[in-house]
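Read through the structures below before going on.
In the two complexes that follow, chain A is the common piece, with chain B as its partner first and chain C second.
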Partner chain A sequence: MNWRRAALASAAAAPVIALLAWGMTRDPKEIVSPLPGRNAPEFSLGVFAPGEPPLARKVGDTIALASMRGKIVVFNFWASWCLECRVEHKDLSFVAQQNASKSVQFVGVLYNDVPSAGLEWIGKMGGQAYPSVLDQGARTAIDYGLYGVPETFVIDASGRVAYKHTGPIPAALLQSKIDSLLAAPAVQSPASR
Partner chain B sequence: MIALVTVVVAATLALASPQAVTPPAVSAIVVPTQRSTADSILEARTTEVAKGLRCPICQGLSIQDSPSEISQQMRALVKEQLRAGKSPDDVRAYFVSKYSEWILLAPEAKGFNLVAYLAPALLFLGGLGTIALVVRRWTAAGESTVAQGAVAADAGQSTQPD
Partner chain C sequence: MTRLLAVDALWFGLIVCAIGGIIAPIGIGRGKQRDAWIAVAQGAVYANFALITVAAGAMMWALARHDFSISYVAQVGSRATPMFYTVISLWGALEGSILFWAWVLALYSVGVVWLNRKRPGLLVPYASAALLAIALFFHVLLVGPANPFHLVSPVPLDGPGPNPLLQNHILMAVHPPLLYLGYVGMSVPFAFAVGAVLSGEITNADWMRLTRRWTLTAWAFLSAAIIAGMWWSYEVLGWGGYWAWDPVENASFIPWLTATAYLHSVMVQERRDMLRLWNLNLVVGTFMLTILGTFLTRSGIISSVHAFTQGTIGYYFLAFIAIVLVGALAMVAGNSDKLRAPGKLDAALSRETVFLLNNLLLTVFMFTVLIGTLFPLVAEAVRGVKVSVGEPFYNRMTLPVMVALLFLMGVGPALPWKRGNMDDLKRKMLPGLIVAAMVATIVVVVGAKSVYAVLAFSFVGFAATMNVMEFVIGARARVSAHGERFGTALLRLIAGNRRRYGGYIAHMGIFVAATGIAASSTFRSEGEATLKPGQSMVVGKTTARLKDVWGREEKQRSVIGATVELVRDGAVYASLTPRMNFYPTSQQPIPTPDVRSTPFGDTYMNLMSFQQDGSSATIKVILEPLVPWIWMGGGIIVLGALVSAWPVRKLA
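Moving on, here comes the complex of A and B:
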């Protein structure tokens, strides 16, 4: 056996094999968002679905991120045509009700859909505990780097994206994220942002 | 006869019309032309940027080529940002800041990304070198076989009894 030739061939193949092996450890569907840890993009959107007391907002009201500074914001993108959104809907409403007395604000965002279809969907799903807003032209969705629906962003009291979840978010996971933010001291004062 | 009268009347009315004799205002000609040129430049720049941005819900399609709603909305945003005076690099940087570098169909040629650009060339050169080496060895082996054959033939001739 020509050992020199074997060693040369192995040395040439090793980087290629290493690169392929590294690629095998990665999920091509999992795209890491650059937003967590950064300031959440500002938004100011009109309410089309009021939600239910005590979290209800009037239809036509504007919900702006700036006005919720000091609160934890759960920002959930959904659509009536989204099957996965059905999976998480009850969990989201449940967690919103559980945290209604705390400094937590839930906001639903209708993504590439029409308000009438959204309202019909909410009716069929048995209601929605929190208000939903309309994102015309998906500008807010693009600002949040949305890949699809459902996606949920948890924004801390200082306005930073603390967590992003792609796909239906389980109630326990969402509650744990909220609890950890409620327990954590404020990272930044609103004025320092 | 009636047709002739109609033509004469129509021609007279046309000449009498102030619109017919007054040349169009210069601005009426120049402004739309300038606007259409600016529009076509903006459209070309939008297309150039949109071709390099990945559709988030497609398989390997750019937002320029994808008919999906989100791609069209992203393309509209590209156009809006370019119209507002941002450079193509600024627009790309905006999308990278929202979606990470994944949104670029061609990764930036820096850092680890250089592997994607250099590996094909290195593999090509390596392959070329290997082929050259193998061909050289084959040729050398062929030549030595021929030479050995000739030597053997000579030796055979010399051992033949006269």
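Moving on, here comes the complex of A and C:
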């Protein structure tokens, strides 16, 4: 046995193992969104599920991002066929109610689904505190680079995407994002300056 | 009760493997009471097999009895799933697959010890210890992160059933066991390599002979598994393809390439006493690549269609890879002095040169696929970007290598060992070249446009002719020497030199499969149309008429199907029923294409969508010439390996 050569050869294993070990810390399915920090794509969509007072809106009303400047917008993509959406459903309505008196607007967006199925789902799940809109042809979903549902975008008072969450969002996390935006005055985005 | 029995068996197995795999080899090495330690190592192999059989049997029993108090059964079992698919879901998810792996490894280990029980020397005892050390790792997984026998409380009344894709086709019973037999089988040559180094038999050629047969066995299983996997993907996934260079496919293919290289280069070592170190590298490398492949598909490190559920198991595999890689590199490099081979290449024109080129190409092929598979990881580590490597990369990089390999498969058999003669070679190659030219002409006339397609077809024609000639020339010689009939002469020729002619038979299998692959990818045509009942669509020369759209409730699923008739001259000559199966656990329907196979090609039909009132359905029809040749080729490859590996009875 030539120990010197053996040691040299086994040192060659180090970079391979280092690469694999580093890979273990990554999620290959995670795709970083370029949106946070930029202006949120505009949308103007019709309400199909009214939500509950005090957050209710009339069915058929249009909700447009441009008309919500000065408010924090929580924009949540969901679908009735999405299992993970069930997980976050209660949390979202709960946080929406908690912040009802503040300058925060929750909007649900039905993704790749029919309104009747969406309404049935809301009924089955025990209601939804805030209104949901319909995204015809998934145009808004494409603008937001939707990867799957659920996905949640938190948009600050100046219309900038402050945070994007993939998968079910926990109540505490969402509340902390809202709190920090409420505490800090909105930074003017370059576009609106 | 079942659970306790199984868990105890796993823990005892762990202890047995630790004793046989770690303590026993130290005892053998120190030399005191060596025979006793040998007996311990070999006894441990049998004991471990018995224990793991109890655990695996307990799992199958629990699955069959719907014992949902056991975590794995609760995860993959369901009362509605047919019994057959319930029992084979032993290998349907992560924990069960590790249990099955350990069982296959134990089975191989018993085979190694039993078949070599009369062999003197320390090679086999050390190899048994190495196999037990590998088994120890799987036992650690089984009592740790991949324990399938956790107690579930409260006990659920029913489970979700296996992944719908895994209970939709009979090949699920075939492909995974074959794959494990192939993959795990590569542990045996590695164990022999370790045994050869530890026992000092590395300098003696006998261990290579022993290793070759085990590698060939595992290789045959792996070849069959790869082809069965292609078949499964073709029959189940509904896209009409059979290979997509997905990481999980690559994981099975990469070690196949190094094992194939070894099966060829080992002949050079046996005949000419060259390439000792290289062959050791191939044996060790093949095993490493199986472990790496397992790691890649089970750690979630690379994005694949075939992801197993993830957990901490990736870290265990990483640790195992680190230990084995460092150990193996040290072992090979540390002993490289002893492996200086005395043989020398006599002439550039010789069979050994072709084998060297073959090994070079297979190694390049292996690295190409390996780099393509790992590149997303490297790119993200180095440049922080997400990339994916797809078919265009693999096709562009590997097609030239494949075509060159096909050519070599024709040249090799025509060249003698040691020193060839250019004039002889030219004369022998003439019929092959004529066939190649004819095939090329036909293929171009029929409409092939890509250069590689033309080259692939004509080199297959060339190489197939060259291999057939080997049979013909040999049989003719027997006819004239012994006055036998041609058929008898052919059979006796093969029986008299099984290794050689088995190899040529395997080559023929490759040619048949390559023809199927080249034809189905070059001359494929497809069409898609939304039809009302009674309406027809035309693809190529095939007319398909929708008869009706129907629905059916089955115990574990709902089925929507379309009955589509194939019509020629107004008469129906076949009827296909592509379906969509809806399983309660799956959001999306599972496409269930229907395929009409003839030796000349397949009509592949998929139900893309349908109107709920049955008023129309969208049907995709794909015509794929010669696809069945791929599966047939797989059968011939296995037959060739069988002929080649079959032990020759020594005449008394």
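Convention: the second predicted complex is superposed on the first by the 164 of 193 C-alpha atoms of A that agree within 3 Å, B and C clash if a C-alpha of one lies under 4 Å from a C-alpha of the other, contacts with A are read in each partner's own complex, and residues count from 1 in each chain.
Just so it is clear, contacts are C-beta pairs under 8 Å (C-beta built on N, C-alpha and C of every residue); 3 or more make two chains touch, one makes a residue touch a chain.
Given the structure is predicted, the values throughout are model-derived calculations rather than measurements.
Applying the stated contact rule after C-alpha superposition, one finds that A:A64 touches neither chain B nor chain C. Of the two partner chains, chain C is the only one touched by A:A7; chain B is not. In the superposed pair of complexes, A:L19 makes contact with chain B and with chain C alike. Of the two partner chains, chain B is the only one that A:A138 touches; chain C does not reach it.
A count of residues in chain A touched by chain B and by chain C gives the higher number to C. Contact with chain B, but none with chain C, is seen for A:G148 once the two complexes are overlaid on the shared chain.
In the superposition on chain A, A:N112 contacts chain B only, with no contact to chain C. Of the residues of chain A, those at positions 12, 19, 31-32 touch chain B in one of the two structures and chain C in the other. For chain A in complex with chain C, the touching residues are 1-3, 5-10, 12-13, 16-17, 19-24, 26-29, 31-32, 81-83. Chain A makes touch with chain B in their complex at residues 12, 19, 31-35, 41, 112, 137-139, 141-148. Note for the complex: chain C touches chain A at residues 295, 299-303, 314-315, 318, 321-322, 325-327, 329-337, 374, 376-378, 380-381, 386, 587. Partner chain A is touched in their complex by these residues of chain B: 56-57, 69-70, 73-74, 76-77, 96-100, 102, 115, 126.
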